[in-house]
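Single-structure report; data block below.
For clarity, chains are labelled A, B, C, D and E in written order, and residue numbers in each chain start from 1.
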Amino acid sequence: MDTKKLQKSEKAGFAPLSMLYACLVYLFLYLPIAVVIAFSFNTSKTNIIFEGFTFEWYAKMFDNRQLMESFQNTLIVAGVSTVFSLVLGTLCAVGLYKFEFKLKSLVSNSLYIPIAIPEIVFGIAMLVFFSSVHISTGMFTLIVSHITFSMPFVAITVRSRVAGFDRSIEEAAKDLGANEFRTFMRVTLPMIMPGVISGGMLALTMSLDDVVISFFTAGPDSTTLPLKILGMVKKGVSPDVNALSTLMILGTAVIMVISQIAQNRLEQRQGGNNSES
Amino acid sequence: GGSSSGEGDKVLNIYNWTEYIPQEVYDQFEEETGIRVVESTFSSNEEMLAKLEAGGTDQYDLVVASNYVIDVMKEKNMIQTIDKDKIENITNISPSSMGMDYDPDNEYSIPFMATLTVIAINQEKCDELGVTINSFNDLLNPALENNIVVVDDSRELAAVALKATGQDPNSTDEATIEGALDWLNQLKTNIKAYDSDSPKTLLASNEVAVGLVYNMDAGQAIKENDQIKVVYTTEACEKSIDNFVITANSKNKEYAEEFINFVHRADVYKMILDEFPGVCLNDAAKELMDSSYLDNEGSNVDTAELDRANLIADVGEAATYYDDIFTKMKT
Amino acid sequence: MGEPIIRLVNVVKCYHENQVVKKLNLDIQQGEFLTLLGPSGCGKTTTLRMIAGFESVTEGQIYLEGNNVADLKPNQRDVNTVFQNYALFPHMTVEDNIAFGLVEKRVKKSEIKQRVAEMIKMVQLEGMEKRMPAQMSGGQKQRVAIARALINNPRVLLLDEPLGALDLKLRKQMQSELKHLQKRLGITFVFVTHDQEEALTMSDRIAVMNGGVLEQIGTPREIYNRPETKFVADFIGESNVLDAYVTEVSEGGIHVKMEFGDAVLKAGGFVEEEMVYLCVRPENLKMTKEAVPNFNIYGTVKEHIFIGSVCKTVVELASGLEVKMTSPQTDELYAVGTRVNIYWREDQGVILHTKEEQLYNLIENTVQIEGGMHEA
Amino acid sequence: MKHKWNNRLPMFVMIGPAFLWMAIFVLAPLCYVVGISFLSKDSSGGVMFPLTLASYFSLWNESFLTIFSRSLLLSLQTTIICLAVGYPFAYVIANAPKKHRGLLLLLIMLPFWINSVIRIYGWNTLLRQEGVINSVLMSIGIISSPLEMLYTDGAVLLGMVYELLPFTILPLYASIEKLDRSLLEAASDLGATKPHIFTRVIFPLTMPGIFAGSIQTFIPSLGLFYISEMMGGGSTMYIGNLIKNQFLSARNWPLGAALSLLLILITLVLMKLYTKVGSLEDMA
Amino acid sequence: MGEPIIRLVNVVKCYHENQVVKKLNLDIQQGEFLTLLGPSGCGKTTTLRMIAGFESVTEGQIYLEGNNVADLKPNQRDVNTVFQNYALFPHMTVEDNIAFGLVEKRVKKSEIKQRVAEMIKMVQLEGMEKRMPAQMSGGQKQRVAIARALINNPRVLLLDEPLGALDLKLRKQMQSELKHLQKRLGITFVFVTHDQEEALTMSDRIAVMNGGVLEQIGTPREIYNRPETKFVADFIGESNVLDAYVTEVSEGGIHVKMEFGDAVLKAGGFVEEEMVYLCVRPENLKMTKEAVPNFNIYGTVKEHIFIGSVCKTVVELASGLEVKMTSPQTDELYAVGTRVNIYWREDQGVILHTKEEQLYNLIENTVQIEGGMHEA
């Protein structure tokens, strides 16, 4: 058997079925999104029948100051709360794996509570809490509440990654003079990165998508996009929401593609250097 | 509160239903008065109440609230009296919606718009099924199986059931309310969906023959599909009136009053109706409206029916009973 | 020698109820090359891990340079370790793995670069700087682990079978590199190995452990020639251990009787009718067809096994017991089946009480060497 | 063996912030919920004294029981389907070339950055009688009359699975990604077939991921009320709707609070059971 | 010998551009004990992994029992492996790890139980049945890995340094257990080890690899005594390789000149003025204060190193070059500084062309043994 054929069959041995499967799942995930995108170009104001093609809604969307403001708010809240819940959640997950202590089961069980409390109760309770300590609603309260409900997702996801972590590798780092912090940064964190990234994505998603809790903890000047959209949906999804969603998806996709290309370039360059030396 | 940002910056925080006042109105208001309007939105009175209750009323200056929560807000000292002198355009408001039971002297509330719960039918489908709707009891027609969309609201549905069985739609008597469950259970088999958000879609896309929906949804469905008609039954409809109220802890009462006055200017009110064609309570504005509004029987509801309609009242603790039968109906 | 750099006092380590290290007392001197030797599972790794600080001490104290280190974390101890399972950082290149410790010490980049290059050269991994550990062979990984620890010039280096995955040739080179480095830099090495030759050549002292207990500690020659317990005699090198019985104690020596013959040996401290062990190393056993004064032990040559530089001969005694002896390949060998008499030089046998398991040399065992003898 | 650290500073640094955070922002609200569950409701949807156990007594209610068991069943179905669909998918992603993995992960999450209501609306458009799927199927001629897909229990389940799938996939991915290849090789070497390698080696080793994934699916699924409203036509009630209604239409906050506490309790008990059965003690 | 059970034909393995196995041709006979020997990173593990099926073959074919196995998955090959890094299942007890293969074969529970117990006894892990791998020492883990593979009685067993983590004593026992098992069950062993003694004693044949190339394959004695390349001579055992120059070829032998002396040796195939290598093993080198016919190589004793059963002596030649020789500990040794003449038995030196790197024995090297010689 010649090399080419072998390499081909080697890749193929694993690929075709699983590739097909992955594509099907992606299809499932993107099916409704495709509809959203399609109807963003619909001339009709309702998402029932595609009547004609137009860019009208995109123009309208940019004119919608409230929509744009709430979009900006959403990005800020999601960004800040994701970073915080990542830091808190990751540290907590690693700590829970590393250390044995009396309150351990309390801490780890309390992680489930924010997920288990119905959103509406949690939202109201949060709001009562804030107003009882005289913190008025606004970005701050919004971010705090988002951190609170997304942190457990980070912690739980990272914990699943940390479980069974090879201790000797951390030991080696400490042995070589790295303190707890440096060991965490240089060894533990890189090794649990897939878990951290997964957790971060979940946190980001939770935050971008939250309506109920945000409703209660947002102030007048901190309305978020989902709140806005929910309101618009109540009166029938108007295509400018579709347009915004489409732009969000396209924007992210473009960023993703660019970063992927940049990364590949970088790798190629490094690879080139390697083979030279 | 988190109301004003920046010194000298005039801000009015308004807490409003979603999609009720278009941005252009706010823009124009700012242009004319220099007061920036910051709008927050809710999608049910209870949400609004819950938020005010939990977070205090100093978050907002002006709130748009339905008639049946005005009493509650008064009782809880959430709102303050309005200086009607500041609102010259009050004269534009249709007198039939002024001085209602919940606020006889309009001390606390100034009406804004009204909502009517109407029956909309798809003429073609109804003909196909051989159904005509003359009374609520016609909704029980077995031919309508899985062919009705209704609002997802316990009070509205119970009111229909109570009226169909000849009871007081604002009853607070537990036994009476529970009596409505039978009727509702009969209706259940005909219901395809409970949808307060976008029932017009089901109507317009020919998926249901009949809808018990808010008039604005009916109006939109009519725009989409010329087979949709509004029908009035022997029983009266339910209606609610949305009012402007000023929160007790508002720091910008004057701005709020200025805004109420602004909204009831005929041209401004027209702007609103053009964008969100609800039940017009501003007589001056109505005269300015063009045919696309006036001819839509969903938006521009029959005035006689509007007057005949039964105003949804606050039932106090009895709300629990209404919810109970609703829960039972859905289990 | 001054104060020991490492001192273990009554150290006990338990896993659950399992005592795996039992009242260990051990002093390791500054600059010393100490080897831990012992059967699999005897607690060598555990002992190293306690010194490095990865494992808590159940009982007892460990002192590093006179200080009790109970509260010191691994990174606060000036000790580096080469792990038995390598424990390389899987997400770092070879280069980054090796540089890890220096980066922690905030050494200048240019210096790190240069020292890493030196280390890589020493462990013969040139050209693999950018490889990831997953792309390396077992022996290559082990060399990275060594380099990673060595580069830090620690006061104490703990090495857990650091050369186990290397071939003989490379192992020899690394042995001498390590040994020279240790001498030159004055690092204290605590070394675990299964290679006895390695232990004997490299160590200043060897500590023999068994089942969590320290059996004997001494220079390689002491351990090899004067084992103090049967376990040590048996464990280090090969040994023929024979059961015997003292029949007579006279000036000429003690007469011992075995199932298969008898002999007269020189020794003190034994009484008549005592059961003893006789221990003779295979390379000290000799055979001849002729009679030998004082020895009267006969057997037949059973097989010759070729093992490189020497030939191993198994002789079956009358009782069926087998003794092993080795002789240089160049010696003439008796054919299988030949009946031979077995003997040894009087100073090369060890006799040992069975009860106390205490070994006494018959006569002090000294190899006559003209001039000096280089020890390890 | 876990270490007994003499110096506990690192522990406090790692767990402390999260613990404090939880204590303030979860415990305090939780106390509030407990508090109002013992109060009486007032007519206008608030709470007032005196303290009473009335809410807890009214928990014993046949329709609540039905609703709870129906919700638990739905959540269970959702979790199982998500695991069944998500596991192989996570496996494929975790075994994709390293440089593509980030992209593939992001592709999973991307749709979920669009508001959930809009996404579910997308499903609505697809599934309704005159929706995309029915039109396509009819124009191809596979079916002659439109299928009844929307406003069925199946649609609710579909919506739930859709909303929660990434919450299953991501922890699974994180734990599958670290699988030691040499263990799979060893199993294969010892004669294990692919399915056996999975059941005997991969599955037990990725248990932490399965655990995390099912928690993150099961618990939130109990509270997702808008799916049943939008995909099921709101004709059946689940715990989420029930509790929401207590606050927003029945104006019975104490009962809502009591129901919430019951829900939390059930969740915690189920979690304990789950960790016991899956012998995942270390995870919880 | 019939058809080989394993046949590698022109097998090449590349990682990216890196050829780590180069055109390997190897036939392994049914029931044979074949050892792969070679320096770290030479491709031994890779070769085993290709046979087992974990690594695809870049070029060439592998046949098991005459069938091309390119498309067979590891679980479809009747081959078991003891992995260099153990690869124990961390979530299973020792018992379950060992039973894994039998469970796959749907062997009856009672039989599994019994066979597992036997294996555990063989690898001396009684009492550890319920332990998890994380609770075991390195050597214990390795024994579990051996037991886990052995219990399946495969036709072919691949062992990648299976005894590397064991102490000498245990290793010897396991060696003999493995060897006997292999003989008794007729399993074909492909064995990787770094322990030359192990390779020499256990193997039927040894394949020496270097840089992905097979250098020589043959019986232990062939490999040891008749190395065919300088690499093999150098790699197996210790060897003194000296540069020399042929000054004269006569009937009496060839006269070679080195920087530090000269000698007359018997050999054929060499021409005058040719550069050659002389290879002599340390144990074959001898020294004396007297003159030796034909040898005229002087040096001074530099040091003696004690390594257990033998003493290693380093002699520094006039040129500064050092040669190593070993002698039994019992021999008398010259004091350091003594001037000695170095010589060897004519049949114990090997002479080799430098150009072709092809070795010829001066005279066929045979150790004269009365009677039979047990090989391996």
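Convention: a contact is a pair of C-beta atoms (placed from the backbone, for glycine too) under 8 Å apart; a residue touches a chain by one contact, two chains touch by 3 or more.
This one's a predicted model, so the numbers in the text were calculated from it and none came from an experiment.
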>> Let me spell it out: compute each chain's centre from its C-alpha atoms, then which one is farthest from chain C's centre?
In response: B
> Given the contact rule stated at the top, which pair of chains has the most C-beta pairs in contact?
Replying inline: A-D
> How big is the gap, in whole Å, between where the Cα atoms of chain C centre and where those of chain D centre?
Replying inline: 59
> Roughly how many whole angstrom separate the Cα centroids of chain A and chain E?
Replying inline: 56
> Counting in whole Å, what is the centre-to-centre distance of chain B and chain D, each centre being its mean C-alpha position?
Replying inline: 35
>> On a C-alpha centroid basis, what's the spacing between chain B and chain E, in Å?
In response: 92
>> Quick check: what residues of chain D touch more than one other chain, meaning two or more?
In response: 3-4, 130, 205, 247-248
> If you look at chain B, which of its residues touch at least two other chains?
Replying inline: 47, 50, 197, 201, 205
> chain C: which residues touch two or more other chains?
Replying inline: 15, 73, 85
> What does chain C use to touch chain A in their complex?
Replying inline: 52-54, 73-75, 79-81, 83, 85, 87-91, 100-101, 104-105, 130, 148-149, 152
> Hey, which residues of chain E end up touching chain C in the complex?
Replying inline: 15, 37-41, 44-46, 84-85, 135-140, 143, 160-161, 164-171, 194-197, 200-201, 220-221, 224, 234-235, 237-238, 281-284, 303-311, 326, 328-330, 332-338, 345, 348, 367-376
> Which residues, counting only chain B, touch chain A once they are in their complex?
Replying inline: 1-3, 5, 13, 15, 17-19, 23, 38-43, 47, 50-51, 54-56, 58-60, 196-198, 200-201, 204-205, 216, 220, 224, 276
> Which positions of chain A touch chain D when the two form their complex?
Replying inline: 14, 18-19, 21-22, 25-26, 28-36, 39, 47-49, 87-89, 91-92, 94-96, 98-101, 103, 105, 107-122, 124-126, 128-129, 144-145, 147-148, 151, 153, 155-161, 163-164, 180-181, 192, 194-195, 197-199, 201-202, 204-205, 208-209, 211, 225-226, 229-230, 233, 237, 241-242, 245, 248-249, 252-253, 256, 260, 263-264, 267
>> So in the complex, the part of chain A that touches chain C is made up of which residues?
In response: 166, 168-169, 171-180, 182-183, 186-187, 190-191, 274, 277
